[in-house]
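Labels run A, B, C, D, E and F following the written order; every chain starts at residue 1.
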Amino acid sequence: MRPSKRAPDELRKVSLERAVARYAEGSCLVKFGDTHVLCTASLEERGPPWLRGTGRGWVTAEYSMLPRATLERTRREVTSGRPSGRTHEIQRLIGRSLRAVVDLSAIGERQIVVDCDVLQADGGTRTAAITGAWVALHDCLAWMKARSMVQGEALKDHVAAVSCGIHAGTPVLDLDYAEDSSAETDANFVITGTGGLVEVQGTAEGKPFSVEELMALIELARAGTAKLVDLQKMAVM
Amino acid sequence: MRPSKRAPDELRKVSLERAVARYAEGSCLVKFGDTHVLCTASLEERGPPWLRGTGRGWVTAEYSMLPRATLERTRREVTSGRPSGRTHEIQRLIGRSLRAVVDLSAIGERQIVVDCDVLQADGGTRTAAITGAWVALHDCLAWMKARSMVQGEALKDHVAAVSCGIHAGTPVLDLDYAEDSSAETDANFVITGTGGLVEVQGTAEGKPFSVEELMALIELARAGTAKLVDLQKMAVM
Amino acid sequence: MRPSKRAPDELRKVSLERAVARYAEGSCLVKFGDTHVLCTASLEERGPPWLRGTGRGWVTAEYSMLPRATLERTRREVTSGRPSGRTHEIQRLIGRSLRAVVDLSAIGERQIVVDCDVLQADGGTRTAAITGAWVALHDCLAWMKARSMVQGEALKDHVAAVSCGIHAGTPVLDLDYAEDSSAETDANFVITGTGGLVEVQGTAEGKPFSVEELMALIELARAGTAKLVDLQKMAVM
Amino acid sequence: MRPSKRAPDELRKVSLERAVARYAEGSCLVKFGDTHVLCTASLEERGPPWLRGTGRGWVTAEYSMLPRATLERTRREVTSGRPSGRTHEIQRLIGRSLRAVVDLSAIGERQIVVDCDVLQADGGTRTAAITGAWVALHDCLAWMKARSMVQGEALKDHVAAVSCGIHAGTPVLDLDYAEDSSAETDANFVITGTGGLVEVQGTAEGKPFSVEELMALIELARAGTAKLVDLQKMAVM
Amino acid sequence: MRPSKRAPDELRKVSLERAVARYAEGSCLVKFGDTHVLCTASLEERGPPWLRGTGRGWVTAEYSMLPRATLERTRREVTSGRPSGRTHEIQRLIGRSLRAVVDLSAIGERQIVVDCDVLQADGGTRTAAITGAWVALHDCLAWMKARSMVQGEALKDHVAAVSCGIHAGTPVLDLDYAEDSSAETDANFVITGTGGLVEVQGTAEGKPFSVEELMALIELARAGTAKLVDLQKMAVM
Amino acid sequence: MRPSKRAPDELRKVSLERAVARYAEGSCLVKFGDTHVLCTASLEERGPPWLRGTGRGWVTAEYSMLPRATLERTRREVTSGRPSGRTHEIQRLIGRSLRAVVDLSAIGERQIVVDCDVLQADGGTRTAAITGAWVALHDCLAWMKARSMVQGEALKDHVAAVSCGIHAGTPVLDLDYAEDSSAETDANFVITGTGGLVEVQGTAEGKPFSVEELMALIELARAGTAKLVDLQKMAVM
């Protein structure tokens, strides 16, 4: 039995609330159980300098946690003057995941910045962030389309993410903080609406894992992200 | 007529929602119209080193804005590696305001950090933050009291804050962003539940102001903070 | 009796020595008793980028203390890599105070930087700095006028500043360090030559203060700055 | 045909030269074709503060590139004042990989720092670094053993790493820079001597990849790392 | 003829004014013509951590320039977040020069920090700083002696410094800024009261210099520092 | 007898290996005994902004040590966020030394960056770096010449460097780390192929040195650098 009492292939209660930020072109408050992430998509007419003359746009992401999103208060990163390695890793992952489903040539030489700010953290903040960021990005692209700033179809597919792990010998889906802390293997999967793999990251926490175990985790993740994609479809309907 | 259509002495719609953060010892989501600030109070058993051996505690505050709290996206301060002068000024003001109503010797050699994170900004973020921070602090102290960590009465009074300004020649209360941008004089007042002044900050934006004008602003602020204190009382009832 | 033996409404001995820096377009060594601040005004043909095309100029200020200006040696801010919150607050205050009396459209798209470096500190460094900075700015504008770089009258008024406080229950003017440390309320006033208020900042150190007390401090400050303005007039005669 | 003319499952020419640094407790110059990484293992009697009292040691890694390891000169990270996100990601990966095969309780409260400095880069620097770092670590542990600083067997297994990718539709092993730049999918695998997976990281560069493709890459990686482990065995014989 | 109209072996007008800072244990305002440096010596009971248990003290120096010490305003180093290479070089030189004439075991485990702040710069700021710093250090040690904090004689000798250069083919002493800018060779000498060399730094600006030219510069420097030492003796009499 | 058993005027075994870096326009691995420095010269078409319109080029240098180049592991400078004062001093010295023998107007508005990375340190890293950097620079200029990027003769002379010191009362050449640590006087000389002095830096570590001692050191350095220049000639033949 997993600590959360959930079945091995059971997601936490997920909700995707749109249009929660007054100024952003797109926004979504995503909840995976007690993990809450506010995602906003901001259109910037001026992208980074290396974009000029390419005719293409860019999608990037930033990630941060409020200090008391966590059980113990975490020091603000601005206090130490630099984002941690973990923050860098996560925001690069979110950016790559979103770009995998966007046609960057459809949005002109503009940049969309998706900010993912964790209001409350109970494990899986990066996967919740990617899942919610897709909704914010969707609405930002719709806003641009309504203003004729998009040529053709910019959004090629859905993308959602979920964590999996091996807990007490059993492969389980969507780990909360307590499960994550005691898992032997920890993996994150980013998968498109059509089932393509965008990112696979698996890490042995204690002893190495086998190819069979990896396969079991992938199967859980495919089913889990399929459900998340359904929730995205309902959210943007 | 002010841009917001409010009467000169009319506050925006104010709400104070308690216990919004799962982990914090005290928390409050404060709204002054479209200005929304999430305040959490975190108890830290280990205060700053200079506290040791004094028998007294400390209350401090940190302040930040989410990047898309604003009309245009604002760059994260961690990107430039340091909090701006404005951030420093505001967090020092919040800390001083709270300490003015706390008996620091009642809480032992502990520190309470109040984080004020602006989710959405429409003017008056520092005054909303102080007003909400008091509620978060109140609940943190109640949490400590229930665990016998407080000697006597730690919270001596209420404290609330409001901005005032001279807009088109008329003194007005609680400016939103549009009003603030066009005000000739901008002032912030921090006032206790018993009407004592804790902080007075008035700045001429264009031409200097007179003592009479300052008096008119103070009267508006006293009435406004009295209403805010009533709302605090209802919130913590 | 106040520690300095001065009457409640008595300034320290004030002197304003002009043209003390060989290279600066304007300069002033201001002394408020044992508080000594070297103010230099530097004309920069290239202002900040956001000035371009506006037809207007800018006046800004920087503030710093020599390490041994203080009783105990203070660490240089460059060692920690960033100006403190206090430094930011003070240099923003000096800049705003000076801009309140300058017609920025009269000086073209140029910038004047006023550096206020505290050689010795005995309380009231920011108010001495503002009072001396006005003299340095005056001389810089005269230098520019002599070279036909100013259209019309750039300097609209005098501006001077003084601190006040409530010490042992009595409102007193121009606090030195010893008085400042033991004052219950601490306030700074920036006032023009024609008596208009530019900045009012009052802070309760211990218990809150009343509106009546604030009024008494304002009256002291108006008389004190009037004397400082007289000294400025004599200095630039 | 791949640009390097190698067979799909062919490693570059690999060499592992031991004891190349005069002072380090263990060292290895690893070459994967034109990718050259100098790995040194340094024993530090004083580990990080959080180690104290745990009875366990720690193994960590740092990673850097010489400025002209690359085709175009790369700016030193010290110039921008902080390691990049990429550097953080890589050094965390190397550290985790090594710790997966070390019994941290066998080395006491000491820290081993493995520095991986890229002298020349032609793709796959992180996988070469892990493979060479194991040799440096092996020799450092042998050095400690000879001085009775290790209890029991500290090194539990080999660990090696290799990159794989899908190039022009074909899964290929150990990509050089030219191949990496044009690969559709890029993956890194860290695998132990007994074939357990320690880290799996797969990223779609263009279109998402399928589970079948991931399986093909894993098979290549298992065979490739088995050969690398053989080379490690010969090197430390 | 040199630009300053001085004879080749003629110093600028030098003055050494003691006790110019109210709080410092020792201080000196040194002037070499239009180069003015304020030197303060601060006693710190707590030296750097590596001093503990050695029974010896330390003397160190810091160096900075006011922004408008120079012809054109110079940006404050705190703005860029770090002291420049030039600043580092100079403050290390001043510290080494002073330590060459102090018996560090005579002052106990204490640190003396000598701050050299350039109020006005016209060439030779580092040599003026060393010459004035000796006076500030002398007075700090006298202050300590009067409080029985020194065992035996802490100050073993005088130390003074001067620049020399080859200007238009002629070796000249104590270059001002105009001469320094056009000199072919630039050298700084730090010499004790008994004529020993502490530091010799010679740099060819354009074409290399000969051993004979170096000898000529050394002779000028020996005579020049002998005069500076006489002025130090008069100053501390 | 010196610790290294060498005669007072004996260099360590010196080698200069060219073309050791695959991508750099020029490179040299220089060894002075156990001191090993990898020097690469990189041509950059875009020099620093202040070069534009001058018609001249620039040669600059950067210097760093690998963490375990030293007996005890040294912390990477990127960890503290800034190069140390020592690093700044050394890279400025290398740059000045190289520029003394280059005709900057012959290479157009381009920049050559010479990176000197110490792989192993046993004293004299800066003098080895200068000696090797000349070879890397030579080859970079030859590379440019072959592509008609140089007008006339860019390289005017050789330049080499060596340290000298007074060890146990005897002047000795080319100190290793053990000798350097116990030397009374430490000096570095940068000398051209035709015997001109480019840089002379002498520092008394303990007691001051005499002019006669300085002369003896210069004679050792002239003979030593003459040998180094011969080795450079053989290396680039």
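As a working rule, contacts are C-beta pairs under 8 Å (C-beta built on N, C-alpha and C of every residue); 3 or more make two chains touch, one makes a residue touch a chain.
Bear in mind that the values here come from a model prediction, so they are computed numbers and not experimental data.
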Neighbouring chains common to chain D and chain E, by label: F
If a chain touches chain C and chain F alike, it appears here: E
Chain copies touching (chain E, chain F) - same or different residues, decided at half shared: same
Where chain B and chain F are represented by their mean Cα positions, the distance between them in whole Å: 59
Centre distance in Å when chain A and chain D are each reduced to the mean of their C-alpha atoms: 28
Centre-to-centre distance between chain F and chain D (centres being mean Cα positions), rounded to whole Å: 33
Numbers and ranges of chain C residues touching at least 2 other chains: 81-83
Sequence of chains encountered when the ring is traversed from chain A in the direction of chain B: A, B, C, E, F, D
Complex contact set, residues of chain B against chain C: 81-85, 88-89, 91-92, 96, 100, 187, 191-192, 194, 196-204, 207-211, 214-215, 218, 222
Complex contact set, residues of chain B against chain A: 21-24, 27, 34, 38, 40, 42, 44, 62, 64, 66-73, 76-78, 81-83, 113, 115, 117, 119-120, 122
